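Some structures to go through are shown next.
Common to both upcoming complexes is chain A, partnered first by chain B, then by chain C.
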Partner chain A sequence: MTSTTTDMRTSGAGGLRSWLERYPFLPALVIVVALLALNGLFSPNSLSFRSLTGLLSTYMALIMLAIAQTYVVSAGDIDLSAGATLSLVNVAIVVLMERWGGGAGAVLLALALGVLIGLACGLVNGLVVAALRLQAIVATFATSIFFIGLALYVMPVAGTPAPALFWHTYGGRLLGLPFVFYVLAALAVLLYLLSRTRIVTELLAVGDDQQAAYQTGLPVVAVRIRGYLLSGLFSALAAFCLTGDTASGDPLVGGKMTLYSVAAVVLGGSALAGGWTTVVGSLLGALTIGLVNSLVFFMGTPSEWQNFVQGLAILLVLMAGVLAGRRARV
Partner chain B sequence: MTAVTTFFKQPLVVALILIVALLYLGQSLSPGFASADQILRLLIVASLLGIVAAGQNVVILGGREGIDLSVGGIVSLSAIIAGNVMNGADGGILPAVLACLAAGAFFGFLNGLGVTLLRIPPLVMTLGMLGVLQGLLVVIRQGIPSGRAAPGLSAFVTQPFALGIPGIIWLWIAIGLLMAFMLNRTVFGHRIYAIGSNEHAAYMTGVPVRLMRVGLFMISGMFAAIAGLCLLGYSGSSFANVGEQYMLSSIIAVVFGGTSLAGGKGGYTGTMAGALLLVILQGILTTVNIDESGRQMVFGATLLLLMLFYGRGRAMRA
Partner chain C sequence: MSKLRLNGVSKAYGATLALRRGDLDVAAGEVHVLMGSNGSGKSTLCKVIAGSVRPDGGQILINDKPVTISGPQAARVAGIGIFYQELSLASHRSVEENICLSALPVKAGFFIDRRALKARAARYIALFAEVAGEGFHAEALVGNLRADQRQLVEIMKALASEAPILIFDEPTSALDRAQVDRFFEILRGLKAQGRGVIFISHRMDEITAIGDRVTIIRDGETIETLKLSDTDPATVIRLMVGGASDMPAARSSAPAVVETRAKAAISVRNLTGKGFRDVSFEVARGEILGLGGLHGQGQSALLRAIFGTSAVTSGEVTIGGERYNAKSPRDAIRRGCAYVSGDRGRDGVISGRPIIENVTPIHYLRDRLMIARPSSLKNKAMPALAAMHTKFASLFHPINSLSGGNQQKVIIARWLIDRPDVLLLDDPTKGIDLSAKADLFALIRQLAADGLGILLYSSEDAELLGNANRILVFNGGSVTRELTGDDRTRYNLYQAAYEAA
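Up next is the complex of A and B:
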């Protein structure tokens, strides 16, 4: 392969570029490592196994949601209903688990239905955006209003608790290791398997040049619908993690998370215009948001300033992410 | 295509027909909905949205995925600045207007710098700015009370000003005329369409593309600031994130007005009709006796249905 010889030959800036090309999430990784170091500097305790596990289980939902967003962004689309889908699945599984008694069978059945609900939301989005050709930003905003309406119908007010079995498992340990690590491992396997399929390549082809993808015979509409189906699936998984973390249902819980998921995708080094994305980057992007939030806390920022400093820090990292990502693509 | 079908395919005509139809529907669902008083109330609410949408409109027209997600944050910020500067006194109105415009222009300027100098996509830049603005609102709220609207401002927004019509509606009409003049009759306006439809060609013919784009974001910030000020007058006092609702609804108003999100095509007259359409729809849903969940579902589904009338993308062709 020619690329290996190029790798060996080039060094310095050119070598860096080929590294970035192959591992587009590297800048995000550097930022995460730097933030971890800073967290450790201000509060050594924050790097303890226990604290990191806590961070991971809190931000696992955002990680899943960022990955959900990444697949639609790959095809040049966007999903502003990801948070609403999360809310809907969250309230649906909590209500179903409670109604069916909260045993192991009830939990599993509710989760299976949760996946189906997520896929259904994705299908609706895919149909209105790809088949009916509505503009993704406004169309998925409209569907998000509809999904929130459904969530409010399922559970008018927040607060129904999830069965103890469910959140004990999510927050607990299995064979000595925190359960959230198994979630992470399962996620890694799932992402790896997906990366081996044609789905992701086709999404990227459509995102890179829709017309060209169509002319080479790709079923563009079907590909984009698959992107939204993946988004719905991972939004449902995000809802499972969130429910495990908060242990209750809340029809409005996902509202704020949609824009964070978009931010995480950009932080990870993906191009919002499509055709160039990295799910590992999005995972790191979601962690970046979590680490910025905890760093601002550990730095001893006065509580009223925390939101502002977080917002400013995320804006700066967003800019850095866009600039580094562009360096890799040019 | 005949002249008649062309006429009925114009977004403005579609919006106007839908407005009349919705008013009729509202009147038959709850008698009195389309009375003069009610229509004036709807127009006041629509003008608040319409003013935000004016800024959103020019940013979107300017193309290159132009969009401003920070308008909601600027509306909230402007409302709280105005409340504190005037603090219930008419003498404070002018300083409040100036302070709000300065704040809106400042954050629009920052958005514009990020988009042009650093070439950050507008969606990302304004999303990040929204986070900063929301944080800033928390800081401001901790230190000082929310402030009160001056009676003069409240009267301007809610009481009849001339010909029985409140001042804010006159202001909206004036903005509509100004926008139509700017977009159709001035070099600046023509250049907005130019950079929106082909940035490179515009650049090659000597249009200062970057300067223009910074200007568009500043205009957007200032319109959002004016809306925030008027919103304070409408509600008397401001509360946290009062402007949040305007972020996506201003974009929808622009789309319902027939402006393409791809830029370079559209205008503000349609957006005004789009804002009115959106407000009437929300008005009907609040008068109908259904619970919140049903209201949201009907609203979301209706938005989707209405979008089918407007600029759908082209089908793929080989």
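Up next is the complex of A and C:
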């Protein structure tokens, strides 16, 4: 009798393990569902279509930034300049849209240029980290200061508004559905396509064991640079979402978001050491942070305690994720 | 006609010459065996050919045309595939992805062609289908596989390069008989296709079974190339060892027989654990027992198990006549066991802390010391350090300010404040200069003369031959031969190490 129960438990753990190997974001998904339930418990209104849409459009920027971070983390690197890239793209597109009159053409042209700026930031990081072989954590911290300097040059004081056409579109509806849903759908397609590319598999192989990847004949330096290019691209997309949400330019807006993006990657179930990452998990990790923040608000926490409770809640979620992962690895 | 030829290839890492003069000539349709002892330069030679190590000098010719191999990618283009001894696998990727990783099939420029990848990987997985064992399939993550299965993946990866020149650097070390047989069948197939294969193994039976010619490397230099059909294992071993092979160990340094004082310091009966099985021996007080054989045949595992860092599954150990069963190093230290590892960084040095703190931790434990007073500790630490001729400026300098040899002396000194009964030495002179080595062995012999029982594993045969009273040769986790008295020759040591397990 006892032996059968142990057998069942081991096979259960083995089953869980293979599930986790296929879908490493499962614990993050469970946590998001639990947080949604808790939000609903404290304030049923927070689960309304309207509030959820609001949550998504506010945290879409963090989702994008977490995904940007995921691609560099895949290769065992880190990008502490993701938030600064976001700031730079944010002020650049706001200034350009304003200069060019705020019409549809101006908006599209500014966005195209924003993507290029993001890619350029990624290229700088990639060259500094992979080609010059500087420590990723310090080198990207340095480039982040550099990018913020540029952002402050472009827009010394926060507050220039974005053209109404831009943020009306982002916050509005298209064919009866909120625009942010289309953003999410487009992101899903993009992530699906990227997951099937050679570059993502190569990034993961480099993150797994850089020496082995080199000996296999992979172009390790080029692969790591491509990781930073992807990070720059998604940081630019994050800046678009942020601009749509805040409707203005702010040269310091992204600073705080960088470490949130790293936290989201870990909460989502990726390994910071590289080789084992999940973009879906990072998306859920960013949502987790958003839901924790809204939960703290809906619980009626006094404002002076909100940071304290937020930090505590993120720690708890992190522990829950680690415990789930450890159980599965028995 | 030669497929691949190396002329005078050399490579130095800092001051150490890993490869002095590597010559090699591989013909089409042959399995060319490389032989040499640990650290003789075989792997460096292979890595030079595969492009992962850049040579300092010499010439490489493929199909009689000189080539420059600038990196692993260039080697692949030049038609070279390699099995790396330490494996080159991504543990979180699947078997099929690993097999195809160096050239992922792509469609539309960006996307991996999954169907092509599966089809290509399946061809190589099928080669080993009957012998790969349970849990081996195309989608399995490499990190979840057993050691032998991972080695099979690396073989498949090398084969998937479809290169005209293939290098296998110890591909069979973890494989079982059936897997080796299957692999050799495949190698014979490659030979028939006219490919050139370079093969490294430490097992004489495998070498005679598959090899056509053998090139012997000693101390980074190519000694000779022979036809295996015209030679015998004894000749090959003699060439590997060099001229002084038949001389018995220098007698002045270690007496062959200890004037046994009847009492055993430590005795081990049928001890089995992870990495070693059924090991029995007795070490008298005052005796140095050497553990020999190729690297990683269970010597370190045995020493670490005695010291309580890994579990013993069966068998027993007695120290000083008492049953001894250490569950942790702490336990072992209390019972009078000492362990010095060659891997100082991992097992010895308390990095960044002063020398005095590095000398005294064992004293804290054995004396149950609660309060440390530097002045009284200094009186205990100084004689221990002086016994070793340790060079240092002050006891309060960080240990990292010392050279490797002096660091190791500090580590040994920590065991001398309270004398242990048994000293376990796990390749203690790794990465230490010659004069420090001489100091260390002088002290070790002094300790033996004082009545300690000493177990010494060394990857350098000269150290064993020069210091051990007896040598147990390990092969595949068990003792295959005991060398005593005049049998302690370099030749016998090699022969015992290289014969089939």
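Basically, the second predicted complex is superposed on the first by the 310 of 330 C-alpha atoms of A that agree within 3 Å, B and C clash if a C-alpha of one lies under 4 Å from a C-alpha of the other, contacts with A are read in each partner's own complex, and residues count from 1 in each chain.
Heads up, the rule we're going with is that a contact is a pair of C-beta atoms (placed from the backbone, for glycine too) under 8 Å apart; a residue touches a chain by one contact, two chains touch by 3 or more.
The structure displayed is predicted, hence computed values, not measured ones.
S.K.: Report clash or fit for the pair chain B and chain C bound to chain A in the combined superposed model.
M.R.: Chain B and chain C clash in the superposed model.
S.K.: Quick one: classify A:Gly275 as touching chain B (first), chain C (second), both or neither.
M.R.: In the superposition, A:Gly275 touches chain C alone.
S.K.: So, A:Thr143: does it touch chain B (first), chain C (second), both, or neither?
M.R.: Touch status of A:Thr143: first partner only.
S.K.: First (chain B), second (chain C), both or neither: which does A:Leu259 touch?
M.R.: A:Leu259: touches chain B, not chain C.
S.K.: Which of the two partners, first being chain B and second being chain C, lies in contact with A:Leu315: first, second, both, or neither?
M.R.: Touch partner of A:Leu315: chain B, not chain C.
S.K.: Can you tell me whether chain B or chain C touches more residues on chain A?
M.R.: Counting residues of chain A touched by each partner, the higher count goes to B.
S.K.: Is A:Trp305 in contact with chain B, with chain C, with both, or with neither (first, second, both, neither)?
M.R.: First partner only.
S.K.: May I ask you to decide whether A:Leu41 touches chain B, chain C, both, or neither, giving the answer as first, second, both or neither?
M.R.: neither
S.K.: Now for A:Tyr153: first (chain B), second (chain C), both, or neither, which partner does it touch?
M.R.: first
S.K.: One more residue to check, A:Gln135. First (chain B), second (chain C), both or neither?
M.R.: A:Gln135 contacts chain B only, not chain C.
S.K.: Just checking: does A:Glu21 make contact with chain B only, chain C only, both, or neither of them? Give me first, second, both or neither.
M.R.: Only chain C; A:Glu21 stays clear of chain B.
S.K.: Can you tell which stretch of chain B collides with chain C among 4-12, 112-120 or 184-192?
M.R.: None of the options clash except 184-192.
S.K.: Residues of chain A that sit at the chain B interface in one complex and at the chain C interface in the other, please.
M.R.: On chain A, the overlap between the chain B and chain C contacts is residues 211, 214-215.
S.K.: Can you list the chain A residues touching chain C in their complex?
M.R.: Contacts found on chain A: 21, 193, 196-199, 201-202, 204-205, 208-209, 211-219, 275-276.
S.K.: Where on chain C is chain A touching in the complex?
M.R.: 50, 52, 71-73, 75-76, 82, 84, 87-93, 97, 101-104, 106, 110-112, 114, 141, 157
S.K.: What part of chain A is in contact with chain B in the complex they form?
M.R.: 80, 128, 132-135, 137-139, 141-153, 156, 210-211, 214-215, 220-221, 259, 262-263, 266, 272-273, 304-312, 314-315, 318-319, 322-323, 326
S.K.: So in the complex, the part of chain B that touches chain A is made up of which residues?
M.R.: Within the complex, chain B touches chain A at residues 65, 67, 69, 114, 118-121, 123-125, 127-136, 138-139, 141-143, 248, 251-252, 255, 261, 291-301, 303-304, 307-308, 311-318.
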